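Letters are used for the chains, namely A, B, C, D and E, taken in the order the chains are written, and counting of residues starts over at 1 for each.
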Amino acid sequence: MTDEPLLEVENLRVRFETSRGVTEAVRGVSFQVGRERVGIVGESGSGKSMTGRSILRLIRPPGVATADRLMFSGIDLQALSERRMRAMRGRRIAMVMQDPKYSLNPVMRIGSQLVEALKVHERISKSKARERALQMLADVQIRDPERVLSAYPHELSGGMGQRVMIAMMLIPSPDLLIADEPTSALDVTVQLEVLRILDGLVKDRGMGLIFISHDLRLVSTFCDRVLVMYLGKIVEEIDASRLQDAEHPYTRGLLECLPAIGGSHEPLKVLKRDEAWA
Amino acid sequence: ALAETPADTLVIANTIDDLKVLDPAESFEFSGGDVINNLYDKLIELDPKTLKMGPGLAKSWDVSEDGKTFTFKIDTSRKFASGNPVRAEDVVWSLQRVVKLDKTPSFILTQFGLTKDNVEDTVKKVDDETVSITVDRPYAPSFLYNALTADVASIVDEKLAMENASGDDMGNEWLKTHSAGAGPYTLRAWKPNESVIMEANENYPTVPAMKRVFVRHVPEPATQRLLLERGDIDIARNLTPEDIQAVENNDKLKVEDSPRGRIYYISGNQKMKELATPGVMQAIKYLIDYDGIANSFLKGQVVVNQQFLPIGFLGAIDDKPFKLDVEKAKKMLADAGYPDGFEVELLVRNAQDRLAVAQSVQNTLGQAGIKVNIKPATGSEVLSIYRARKAELTLEVWGPDYPDPNTNASVFAENPDNSDAAQLTGNLSWRNAYAAEATTKMAEDAVVEKDTDKRAKMYEEMQRIGNEKSPFVLMFQYQEQDGMQKNVEGFSTGGAVSSAFYKAVTKTTE
Amino acid sequence: MSGPQSAGNAKIAVSDLSVTFTQGRRPVRAVKGVSFSVKPLESFGLVGESGSGKSTVLRAICGLAPVSGGEIRIDGAAMAEPRDKAFARRVQMVFQDPYGSLHPRHTIDRVLSEPLAIHRFSDREDRIVQALKDVGLDARFRFRLPHQLSGGQRQRVAIARALIVEPEILLLDEPTSALDASIQAEVLNLLTRLREERNLTFVMVSHDLAVIDHMCERLLVMRGGEAVEALERSALADHAVSSDYTRTLLTASEGYVR
Amino acid sequence: MSVSQGAHDPASAEEEAAIAGTGLLPRIAGRFGKTLFSLFVTLFGLLLVTFAIARLVPLDPALAVVGPRATQAQYEAARKEMGLDQPIPVQFVNYLSDVVRGDFGRSNLTSRPVIDDVRDAFPATLELATLATLLGVLLGVPAGVVSAVNQGRWPDHVLRVVGLLGYSMPVFWLGLIALLIFYGQLGWVGGPGQLDVSYELSYELDVTAYTGSILIDSALSGAWDVFANALTHIALPVFVLGYFSLAYISRMTRSFMLEQLGQEYVTAARVKGVPEGRVIWVHALGNAMVPLITVIALSYAALLEGSVLTETVFAWPGLGLYITQALFAADLNAVLGGTVVIGVAFIVLNLLSDLLYTVVDPRAR
Amino acid sequence: MTHSERSGGLKAWLTSDTPASRFQARAINIWFAWRDLLRNPLAVIGIVIIAALILMAVFAPLIATDPPNRQDLAARLLAPGVDGHLLGTDELGRDIWSRIVYGSRVTLQVVALVALTAPIFGLVVGTVAGTLGGWTDRVLMRITDIFLAFPRLILALAFVAALGPGIVNAIFAIALTAWPPYARVARAETLTVRRADYIAAARLQGAGTLRIITGHIMPMCLSSVIIRVTLDMAGIILTAAGLGFLGLGAQPPLAEWGAMISTGRQYLLSHWWVATMPGLAILIVSLGFNLLGDSLRDVLDPRGGQK
């Protein structure tokens, strides 16, 4: 592990200009990611996904992303040609999309989609690629990889789809993985399995992980560092272990409004939003 | 100009979608006539050029003293296209067949008193070379001879036909789509709505110059013109006046006009109160822009003819008593009790030229206050309405069935029984509830008048009476304008009395 | 396991309920012989992972699922098939997905006035205003379309719609699972308050044990269409559960353990 | 605002248990059997409706046969022979039982069995429709894709206007004008009809009618001059119809592609680093193909049935023209027979597109 | 906030995100769709063409230079521009421009009547079939299939033949053949919404089937149907023209564009304008509808990816 951060983001902005007005989804976000687990939390619409996507330069029109600085292990991502950027995607930076149900090509077999992820980056024989795909599926704890390889996405359960998605993004061994709510569609039991896989990768391969979620409890237990977003801005950056000491009232509010087993049955605390936070 | 037509093949563009059967005992359409006329010979044939009667399969003929028995000497040297010789039996069989099958055109023979029951006795083989026909009244011989030049009297190869007969249809089913004649051509192929291909009959006495005749169905006049201009066809038979003009101005092409027998008319149903009022139909006769129409959109396609006989027929006269005169017509209408006109429906077939005439008529009748509503309908619908005596004004066309004046007189000027029950559905006077009191007797007498001149006079008289009394507004006689390549000679449309002849056609190659 | 309980004073008594869907030609047994009963004014919870048949139980109560066995009684009486208007007056449901349970082309006003029209209420205008106030929505939302509202606001509308016909029983199908934690708290508080004010009986479904624990006095754990065990709330806090499955759920809800 | 994806997939548990499921073939067979049944029902309905219309129409087939001069007795005789004197239900039963035996009766327009007429006319229509659809697909799909990819920019505008023009042009008018220009003025293509008249003769003489399609038969017989000539004739009607079908297909492709390009899996493919070309032409188009197959099949079916106007303008002896003429001539057997054939073609195409659909879309199996 | 609409005038009223009445809510929606539409150059062209068509039909007597049916056999087939005949004269010497102007009335009438009847019928059939399911669905869809399998123009021809030619019958025939696709669209849409929670919610509220179909399902199908209608307008115009071309549509002397082409085609080689002018008229008008329909889809269709 080097000291140099894997990813540096400075003053990232994402704007949507539509006929009904301008939306600023991300408003000047700066952070760094090393070979660690960085969590991004925030309520729905706070700009978490847009932040993740703009790193991969995948904001579609009418959205526009700009940043003062967007460096990935010494490469200026903004300066890359579309072709070179493509080589970065998947190979160096990958992203697990929010919902596996919509993120796998429904008419392509899982196998082809996995092999494709390899073949666009490496010259590799079909049988070799297949082997790697099988191995990858086994790595994400899929019991019957052969069968899954020849299945279509709709034949998989949500949990399997999510793991396939993770396998597909990990197969070219990226240096940085952006995981956008990788567990929100899963049952609590499956959720933990998936997290264990990701955890292993960071530990064993030294991969950097950006973990996007709105579940503060989960992030606090899983990540090293947490970025708290509110209305497109980072309101607080804090070590996960120190989350209980968070200062920002928004972060505190988020923590306190959760019911807990065995907690009191008084009305829950509710978050009082302050215009000044925005 | 992708290819010139072969030198020994005559290629004709025509609309032949009305062609449905080629059995001469059944066929009754114009296109059918054009084919059958060339596939079959009759006892008496018309000369393609002069359209005068001459020997056909009969060398000569004669009539008995009492005027009721006609005898025909058969030319036994002739052969059918199949190679079978032409025998008296064939002649007898063919004529009896028409009567027995009793298809639509059979009336041309049965009007002479031949019936299913008596035809074995009335049409007889006398000896191997002679056939006799006995009729019920002493008809004018010209009447019978003319009738025998009609397609229905074609002589069919009995042997060939009976080989292909099914049940007791006397070969009718097979003959619908095959030929068994002794005419200059035989049928090679007929694809409905596409083409007819005929080949020269090698057994014909004078084998035609054109070894093949190819009639191609081309519904669009503009297309026909293009084909003609490009040299893809030799003759185009359905050109519009505008196309004709272009063809005339093209020095590779020429136009030949020939009058045809079809008559354009409007009739007024006498069951309708207004139309039956004396003077009203006469007024309408003054409300047609005869010259305007004949000189504009039907230019060259028709000539004005205000009589029920087409020019070329025995007894035809060239009187044109009517012309567009709105003032006069208004006065006549006022006298008849309709100073402000009335409203009437004009039934018309859904064809472009007829709709154009209808619109012009609508326009001119409108000027005298008669509000015309055009009711277009398909041919068979027009016919159903018309036959049921339910039409008001009808714009129709009548074509003679055989080259004798009786063919038209019997429908325009004769109505033996004007009652609904009579169901004389084939008779135009009956369809219009016109009793034709003044002329019915004359028409009946004329068919037995032996003196041809006297007979002609009788028809002239009938037409003049019709001008005054009949509810028929006779307007035009068709004229066919054929565009053709300059090198085509000898093509005859058959004029007013017959169908097309191909046997005399030649193409000179330069 | 909860056996069939005496339906004596139960508000809702579900006994041996089975529901079988047909998917294509295959029968899908979504609920297999589930029994429970809910006392008047009680709040009863159903927990279990996705697909365990929680929603189906609620839908079966409402007559929206093909019941293939067992029976459902409310106040000791069987219900009309199909459910009639009288049923609608007594039992109402709030759906899981606030984005899917409001007609995208109906304004809030229409959403709220329709049940009033169906049940021929008189003072509709006042009731709508009151209903909005009850769920803490500003009157200016009244003529908006659902897409102009946030998820929490929509869920409030859905609750208002359910309460506007003054039912006795409210069936809640994961009313907050689609919402952020901060908004979840508001909605849960709202529900608690309304239950007290209106004397309602709740049946609430959730996959989140913490939420159930917060809201309900008793709960039933479900898995694969079957009832695993029925618990008092206190049992959860004490981890006094008998089945392994419930225990797994309990640990999982504490977050990730390295 | 779209209805949001529910947080849970209600079917997942069940599906997990049945990943592989039954094989593809038995499922298709099952589907086929079901479809076959509905085919018969539809056909029966089609016959019933056609028959009802045929009897409703104030056209009198008997009158059409006997012609204007017939006497009432001849007319009655013809009616009797054609079975028109019987009660209508009896007529329908008779007709049905004939049809079941493959007998569509005789056309009184051509005096031939309707089956023979249709056998002659159908290949001409089929040739035209097939080539036109091919043209429409080969040009329309790429045009639609390019248009969608460039939504709102000039290539989109240009392609859309070109497409919409094709969709707005009366075919009969376009046909006339094209004929005037390309045949009349420029002489680049053959005129109306399937062949030059001179070649028509050699077609009669040299070409064996294997299939009834001039192009195929002349190629099989090695009569390449006839083949070439037939091509020059079919070019213009194919262009006219093909333009129409192109317009339709490109418009639908565009809309399906727009839908697909907005999907998450497209972004996912980009995330993997898949080249843009492959994202568009393989991933997005592969999915757009699913609804597109139905669209193409329907447009093909529409061409099979609906080229009446084109056939009129180009004197193309196809089925549409045949039925129209039959209708005008009160030739009801021909109308019924032709309609049934087109109906069957439509149903068969629907069936095929259904089958293809299951091949292309795994979810439909 | 609450009072801003009063001070800001109409524009503010239309763009407010807190409508104060049902009417305003609807107006705001339409206003935004309208604005999106106007942003699209192709749509604007379409709107202009359709507006021109409507104006032409309404003010025909003012715009036409001649009565549409005045014949003058002496001045037949005049070229455009000659003797003040803007687009020339036809075979009976009638002014083509004036006939085209009056013909717009026929076209508009056809479009309006078909657009009002067929989609509504299709909508009812489709939503009823989709909502009720089971046998009702099977029977209705089978009937729809039969009509769909029927060659469309031929069905129209047959109906016209049965009812007699004429513009009203042609409209009726077109409507009769046009409904099945709407039924299918509506049914497909119904199937996607009928399981939606909001339908279940309405049921739970005690709403009857009729109320659910008319109040909840139909509004959801409406936009796909409306889009299809606009797209189909051109097809309707062309079908009507095709019937006219075959002589079964509007009857003479009524000026109808398709019939005008039909009569003009025999003069095509020598007097091109007679058939070409009405052809252009059809082309322009159906292009107008197509442009509008196509853009409307981009604006309204939730699948279009906007909004």
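Assume a contact is a pair of C-beta atoms (placed from the backbone, for glycine too) under 8 Å apart; a residue touches a chain by one contact, two chains touch by 3 or more.
Everything numeric in this text was worked out from a predicted model, so none of it was measured.
Enquirer: By C-alpha centroid distance to the whole-protein centroid, which chain wins?
Expert: So the chain nearest the centre of the shown protein is D.
Enquirer: Decide which interface, C-E or A-D, involves more C-beta pairs in contact, and give its chain pair.
Expert: A-D
Enquirer: Measure off the straight-line distance from the CA centroid of chain A to the CA centroid of chain B, and report it in whole Å.
Expert: Computed from C-alpha means, the inter-chain centre distance equals 90 Å.
Enquirer: Could you put a whole-Å number on the gap between the CA centroids of chain D and chain E?
Expert: Taking the average C-alpha coordinate of chain D and of chain E, the gap between them is 24 Å.
Enquirer: Centre to centre, by mean C-alpha position, how many angstrom separate chain A and chain E?
Expert: 48
Enquirer: Tell me, which residues of chain D touch at least two other chains?
Expert: Those would be 1, 3, 7-9, 12-13, 58-59, 176, 184, 312, 328.
Enquirer: Which residues of chain C are in contact with two or more other chains?
Expert: 50, 96-97, 100, 104
Enquirer: Going by the touch rule set out above, which residues of chain E reach two or more other chains?
Expert: 161, 164, 196, 265, 268-269
Enquirer: Which positions of chain E touch chain D when the two form their complex?
Expert: Listed in rising order, the residues are 41-42, 142-143, 145-155, 157-159, 161-162, 164, 196, 234, 238, 241-242, 245-246, 258, 261, 265, 268-269, 272, 275-276, 279, 282-284, 286-287, 289-291, 294, 297, 301-305, 307.
Enquirer: In the complex, go through chain A and note every residue touching chain C.
Expert: Touching chain C from chain A are residues 43-44, 158, 187-189, 191-192, 195, 199, 214-218, 220-222, 253-254, 257-263, 265, 267-271.
Enquirer: In their shared complex, at which residues does chain B touch chain E?
Expert: Interface residues on the chain B side: 220-222, 225-226, 240, 242-243, 245-246, 289, 292-293, 295-297, 350-352, 355-356, 358-360, 362-363, 374-378, 381.
Enquirer: Hey, which residues of chain A end up touching chain D in the complex?
Expert: 53, 56, 58, 60, 82, 86-91, 94-95, 97-99, 101-108, 116-117, 120-121, 147-148, 151-152, 154-160, 165, 168-169, 172, 184-185
Enquirer: Going by the contact rule set out above, which residues of chain E touch chain C in the complex?
Expert: Where chain E meets chain C, its residues are 1-2, 17-22, 24-25, 29, 196-198, 200-207, 211, 215-216, 219-220.
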